[in-house]
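I am attaching a structure below and will ask some questions about it afterwards.
By letter and in written order, the chains are A, B, C and D; residue numbering begins at 1 in each of them.
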Amino acid sequence: MTEKISENSYVLLYLNSRRSYLVKVEKEKKLHTHKGFIELGELIGKEYGARILSSTGVEFVALKPQLRDYIFKSQRKTQINYPKDIALIVMFSGIGPGSRVVEAGTGTGALTTALAFYVKPSGRVFTYEIREEFIETARKNLTRANLTEYVEIKHKDITEGIDEKNVDAVILDMATPWLVVPHAYEALKPSGAFVSFSPTIDQVVKTVEALEQNGFIDIQTVECLTRGMQVKRGKTRPQTLMTAHTGYITHARKASRPTP
Amino acid sequence: MTEKISENSYVLLYLNSRRSYLVKVEKEKKLHTHKGFIELGELIGKEYGARILSSTGVEFVALKPQLRDYIFKSQRKTQINYPKDIALIVMFSGIGPGSRVVEAGTGTGALTTALAFYVKPSGRVFTYEIREEFIETARKNLTRANLTEYVEIKHKDITEGIDEKNVDAVILDMATPWLVVPHAYEALKPSGAFVSFSPTIDQVVKTVEALEQNGFIDIQTVECLTRGMQVKRGKTRPQTLMTAHTGYITHARKASRPTP
Amino acid sequence: MTEKISENSYVLLYLNSRRSYLVKVEKEKKLHTHKGFIELGELIGKEYGARILSSTGVEFVALKPQLRDYIFKSQRKTQINYPKDIALIVMFSGIGPGSRVVEAGTGTGALTTALAFYVKPSGRVFTYEIREEFIETARKNLTRANLTEYVEIKHKDITEGIDEKNVDAVILDMATPWLVVPHAYEALKPSGAFVSFSPTIDQVVKTVEALEQNGFIDIQTVECLTRGMQVKRGKTRPQTLMTAHTGYITHARKASRPTP
Amino acid sequence: MTEKISENSYVLLYLNSRRSYLVKVEKEKKLHTHKGFIELGELIGKEYGARILSSTGVEFVALKPQLRDYIFKSQRKTQINYPKDIALIVMFSGIGPGSRVVEAGTGTGALTTALAFYVKPSGRVFTYEIREEFIETARKNLTRANLTEYVEIKHKDITEGIDEKNVDAVILDMATPWLVVPHAYEALKPSGAFVSFSPTIDQVVKTVEALEQNGFIDIQTVECLTRGMQVKRGKTRPQTLMTAHTGYITHARKASRPTP
């Protein structure tokens, strides 16, 4: 028995690879697009994956949103977190169902959403944010993805300290990650993971130096590039444009303090 | 209270960024390395992250293995699955705790390990493999990572059909993924995800064509490149060599059948 | 004694890294820009590199055009040739001052301009183009770069044969390079170079097969990616967007016919 | 009438894409390879491109060396200059037949060889090198490529000044390019080009700052990556390994001094 679209659930209305809409299904609501409008109420009771026509007869598909749809469609008031980077950050952090994770800054909650998704149901994300205006946005995005219960949003400056102890990972996407390194060491369980995402080389150098001076080992920095392919028999080729840079990912693991 | 290293648990003995050892801790066992041997029994009762000296006085750190250590250290009788690719495959598949996933081929179980890690504890991985010699290796690798209870290994040819219904994702790393596309459509729940990893362009073209002909939408193919940085104040630069290609990742989502 | 800007010569009026203008200096002519107009006649008698103010007081620099300025500023009625690709094509072709080169198709003459620039004064470029509308454009671009005397433009279909013999290189940027391979073998001097630029994989495969079947050796295909850096102390990072693909460069050398 | 192989000329004995030998043809000389030896005297009077069998019956092809063969086969006592980088350096420098160029350091003469090749016959390369042991190597490499008459090797420290005036380009591949920037400004003709190749970010930042402070404009830094393709019908794919980094190329043009 397959899951049906219900009122107040979210669907991704997919038009083509460049255009899709993440919307809440409500009875009397219309979604207006450049291809006409869609009566969202008509979706209630249908299966996910259903095809629906707009008022001008153009076909959309009502997909069940995935994690990456929630990430992509986060309100972009702050730096974008790319799925490729989030995927690698999750991998390098070693987190999974049940993990306890500290994150900063929260921003619009794109990375927070991913962390909560992977640690649920028994894990927790503790996310620090100093800019009050972001906290509301992040909370909305987490609510939409149905993940609020796994996250504690903290209106606090993480460079002044981390409240939690014995966490599995500390994950940073902020301007001055190197200031958090000593606090991360204290918060992490032995052998725990540190991951930081930074756009500039200078941030990377300062962070790596702080890690070296604070008992971390297995320190590595990588950048990740993804390139799309245009696939068509006899005409296959890479796409014309690509994102050249988002940021560097630095990761490390906590060792016990060296004996002096 | 932090977790201690116990007998029969695994540790990653880390020497440096190029050399580390994934070993089972047993009382009378020695690990022999080019830097002398290590008495593994001495680790019992220590915290993860502990520093230990080899017989020649060289320091190792006893880390708690992460998912990517289990992946990297899979016995390589078959194609290697890179953490970067596994991370993206997991992201594009949309799976998480509780998901039900079909995979083929099992190979040494590197990707299987990752899938089981992310769907546990309530999800399941159904993995198909026709080559009997791999099944034992995969089982050993899953046992080592303590993930066997979340996986059902099936000695079957997936090109002849998929037993499961209503699964969240079908994930393929095999020579002829296009032959599985119609079966994947039947096995997937509405809006479910298809992901395939292939080294050659020709495989990609055939797979994309099969997806287009079988009711899938949002079909995309990407390749992922990661490049390490050598970080040192005043001398920072990208690394000299990198992996230029592992494979292309094609992903898509199941729509309802078009009305004729 | 340095060269002065004279009437009817070309200058590159440089505003910033995104905006510059390749113009002919004429007495009564004005260049209109979004930063006001420039009296071109005022440049006559000045040194190249001179700074000049527009009518609104914005500074431009009157640079002497380089080869890559002529290439970039070719009228783009056809596919763009990127400096990076042209640079590699020239390198792989082995041509230099004095070389005799066959090229097809001429297009707007961007690659032709580069070839003529490097083979002058004693070399020659024989360039084939079937589309009459391009020939005039190419001629204008070559005139502007002062290179017409080194080029013979031929309104002919190169897939039907090459008139020249004993040439140093055959260089192709056209839809069906594989059809030219047998003619290239006949036209090339022993050990001469073949270079072809193609956007799609399919073109590459057909061309490589034709080369293998026609006595060529040292057959290699590469793609070239360039990424800009944003350099600023403390904020250095790669640029955000880049060209992901222009085309593949296939090159090879003529060996004597194998003895049967 | 085609050119024949003569005594004392150089040939590239090509075995396959991984193995080739740049040798001087002498009457009684043998080339010893892991596939048997080749009697070099037998090549005299043959056409370039001729196939020849080794003592064990393996076929080699006697190609006429191209510029990139001379570059690749330079004795590698110093940093390697890659053809991709040399091709871009030449393009960005704007040099061609007749140009006058200053270069430092000479190293083994790989880049010098390319510069001389493109500026001949009427241009000149003035190359500075402080390490005496390299000068002899560079001279040998230039002699082999038959380019000595276009080059003046100077045993001098370029950071102390450039003797030449009114040159078309200054091209640097050395540890401290920023120290040369003021001298480059004096040596260059108006609108002349500066190009520098550096492995590390720190070198790039210092060089760009020096350029900004010394009247240069159009300052850009790029890195170039090339990736080979394995082309085979039905199995085409990028190669497995690639060079991830050689260096960054910074280029700029001289403007007149800003009026204070």
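For this structure, a couple of remarks:
In this text, a residue touches a chain if its C-beta (ideal position, glycine included) is under 8 Å from a C-beta of that chain, and two chains touch if they have at least 3 such contacts.
Keep in mind the model is a prediction, meaning the values are calculated, not measured.
Interface equivalence for C-D, evaluated over A-C, A-B or B-D, points to A-B, where over half of the contact pairs coincide by residue number. Remark: subunit A and subunit C have CA centroids separated by 44 Å (rounded to whole angstrom). Centres computed as Cα averages put subunit A at a distance of 46 Å from subunit D. Measuring from the averaged C-alpha position of subunit A to that of subunit B gives a distance of 21 Å. The residues of subunit D that reach two or more other chains are 201, 223, 227-228, 236, listed in rising order. Screening every pair of chains for touch gives A-B, A-C, B-D, C-D.
Within the complex, the subunit A residues that touch subunit C are 199-202, 223, 227-228, 234-245. Within the complex formed with subunit B, the subunit A residues making contact are 1-3, 14, 17, 20, 47-51, 61-64, 66-68, 83-84, 86-88, 90-92, 94, 96-97, 117-118, 120-121, 166, 189-193, 201, 204-205, 208-209, 217-229, 231-233, 236, 248, 250, 253-256, 258-259.
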